[in-house]
Amino acid sequence: MLDFALYVATIAAVYALFALSLNLQAGVTGLLNFGHVAFFGVGAYSSGIVALHGGHWLLGVLVGVVVSSLLGAVIGRLGRTLAADYWAIVTLAVAECLRLVVVNEGDLTGGPQGISGIAGPFSSVSGLAGSLSWLVLCVVLAALAYLVAETLTGMQFGRVLRLLREEPMLAASLGHNITAEKTRVLAVAAPIAAVGGSVYTLYISYIGPNQLLPIETFLVFTMLIIGGIGNNRGAVFGALVIQLIYAGSRFLKDIFPIPDQSASSVRLLIVGLVLTAFLMTRPEGLFAEKLRRIDVHQ
Amino acid sequence: MGDQNPDHSRTEAGRVLVPILIDTLVRTSQLSLVAVGLSMTWGIVRFANVAHVQYAPVGAYFALVAASGLGLGVVAGSLVGIVAAGVVGVLLHLFFFRRLSSFSSATALIGSLALSIVITASIQAIAGPRPERLPLPSAPGIPIGDAFVTRAQVYVVVLTAVIFVALFLVLSFTNLGRAIRCVAANPDLASSSGIDVRRISTAVVFAAAALAATGGVFIAVDTSMSLEMGSTLLLAVFAAVTMGGIGSVGGSLLAAAILALAESTVLRIDFGAVFGSHPLLIPISYRPAVGFVAVILVMLFRPQGLFGLGGRRA
Amino acid sequence: MFISRGVGKSFGSVQVLRDVELEIEPGEIVGLVGPNGSGKTTLLNCLSGFLNPDAGTIEYDGTRLDRLADWQVSRMGIRRTFQTASQPMKMSVLEAMLCGAALPIGSAPVRGLFRRKARAAEQAAAVGKALELLDFLSLSHMTEEPAGRLSGGQKKLLSLGVALMTDPKVLLLDEPTAGVNPTLRLTIADRLKDINANGTTLLVIEHDMGFIGRMCERVYVLDKGSVIAACRPDELKDNPRVVEAYLGAPRPVHVATGVSRP
């Protein structure tokens, strides 16, 4: 039971990384990235592939950060010519291409079976100490990511992103290069998700193509909508809530007679319905984005 | 090049071309039916409705329930399934998407993503994850040269042709059709010129969902139905719609044909021979990549459509 | 020196601007008037890089502007406001003002993240300037309100303030006083004169001839996309082409009487 609680908390912290990264894109800048899972995938597979070749886990994390940042910059650059909904579809297509490559290039990625037995930082630490170390690491990473995201959102960089989300023409008239800003925010947000992907892979020591399905992106959007899109605190809170729903649904089948094979779909259904309900009744989420006060007397 | 053995080369060509042709025609039918509805509604709802492709599995599973569960048989069951999917589409439009669109188109876009997941999860929870087949009697294939075409495939292609001719006639020569085209092109202008935009939109949404469901039933008739039917269609359908030009029926059909042809030929081209090296065939599992890559290229370079038949809304 | 030569712009088959010649000396206040739909906003869009003209050239101090992007023109010190001043809903007035400032450290994600002190100092200076400007525009009591919730006239003032955050060399203003009450209109006129006295060149689109008469040394009149007159404001009423453009028929009517739009 304690192990399970630690596991849930650790995964929630990892998901907070994804949510904070997507919030910088979708919440702060208004870029609906339907292929967000690609950044997670780049981080996860960088760690997996580096581990497969006997590299140190830190190298895997580093590769993931660099590659995802480049991928983010490329995707952000595409936003130059695309309307918002076209961009969303294109990002989805990019993520699906990535997944297809992962499934088919078995020599590199392990194919449909994925890569297992990946050694992480606490592989030698076993039992409760190991679980606790993981939890501390993930919570520290999530806290760091929160600090970074919150600082970025509050300073001029994020202010301009928020302006171009609401009033792109005004932003352009003030000398802000919209394409460059979109490219930069993606290049900065992507590594946050990639670190999440790496840590996740090292933690469960496995990565497979089924973790790159569009459903993962959808889960992160659900976290943002529940928590309050545009609000970093909301993103973290949403990650926690979704993780709790997921954990709670495990106990659902102790109460209701749900066959094992449909347990995962019931869980998805619950999450989907929660999201739908929020969209219909409270689209601004539990913590709505607030005005940012600026300290005048510094 | 010498034509020493014309007879041999003819059968050789037939051996490659006939399956490609059959493949392309069947795939065109399925893609175009799903795409044309999205194309017609996009101008009206004004956001990329990702959930549109889910009407295909919804229609197919409803048809399955009606055909075997209610014992209506495949033909009547399919009709019931298609109409039911159309009704679902209308209800969602009236009570879900309208409300979300009133907040923002971003909310509606996220909502359509949520809806696709809910639909997939519901199907999985109710019908289970295994693919299902419609209760069709197994009929022997009709041989064409070395290839076979099934009776079902013939029906699918012929019926799609009939549907598109009917659609074309309705849109071109009836008052309803004119009103629909007007609404799809510019809802504001249409409402100011006295067209009941709400009624017309509802009609279009019904038709769009029903057409997508027809596509889904045709896929099920040809092969089988599964949970992933919607998500595997998604990007190919969006590619077809943007290529054809939003709002253009003919464009969607043409674009679907091009995509289908690309899907069935790309995998059969020996790129090794083209570049003069070892045989190098793209593995069959990369088939979906055609749609993925097409959607990226089209949206980037020809967002207004390939043929200039339709227009991209502002 | 701001020069446009032979500027033309069409939307589809409709030619909205044809052969527009314009010259603005440094330090001038120039008016741009014309009936509704005569192409004033379109011309301003061309001058500010929001539209690229189909024909002709636009130059500022020897630099060609007509192929530059909107943000590049803005960074050259040529700023504009919009006819409908929209402002962000989820930002306070003060934050909206800061968006107009150039804060190189705060704008760089990585550098800004690590140089907290320098970032704060840079921002504090901008905040000081913003508060001064808000005071100057009589908006200091609204500092913490959502910018998007201001009244139409207040948004006009705020847009002006945001544009002024970097001390632009040229300001292109699209109807800065439309929807503003008459007393505030006088204030804006005074403010613009102050701004001009500090060395900013102004091009002002206006329908209010009284305002134009009070403010401008010279005025261009646009009709159906062509410049039909370039003269002193008080010469307008004696120009038969201007009278015809406004009233449609060659009748001797005084146009420059300070009648404002309802």
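Structure notes:
Per-chain numbering from 1; labels A, B and C assigned in written order.
Everything below uses one rule, namely that a contact is a pair of C-beta atoms (placed from the backbone, for glycine too) under 8 Å apart; a residue touches a chain by one contact, two chains touch by 3 or more.
What you see is a predicted model, and the numbers here were worked out from it, not measured in a lab.
Chain contacts in this assembly form an open path, with each chain touching only its neighbours along a single line. The greatest centre-to-centre gap from chain B, using C-alpha centroids, is found for C.
Closest to the protein's overall CA centre, chain by chain, comes A. Per-chain CA centroids place chain B at a distance of 50 Å from chain C. Here the CA centre of chain A is 31 Å from the CA centre of chain B.
Centres computed as Cα averages put chain A at a distance of 42 Å from chain C.
Residue ranges of chain A in contact with chain C, taken from their complex: 148, 151-152, 155-157, 159-160, 162-163, 166-167, 169-178, 184-185, 188, 230, 289, 291-294, 296, 298.
Those residues of chain A lying in contact with chain B across their complex are 30, 32, 34, 78, 81-86, 88-90, 92-94, 96-97, 100, 103-104, 214-215, 218, 221-222, 225, 261-262, 264-266, 268-269, 271-273, 275-276, 279-280, 283. The touching residues of chain B, when paired with chain A in their complex, are 47-48, 50, 96, 99-100, 103-107, 109-111, 113-115, 117-118, 120-122, 124-125, 128-129, 231, 234-235, 238, 242, 283, 285-286, 288-289, 292-293, 295-296, 299-300, 303, 312. Within the complex formed with chain A, the chain C residues making contact are 48, 50, 69-71, 74-75, 79-82, 86-92, 94-96, 98-103, 106-110, 112-113, 119-120, 123-124, 127, 131, 143-144, 146, 148, 159, 162-163, 165-166.
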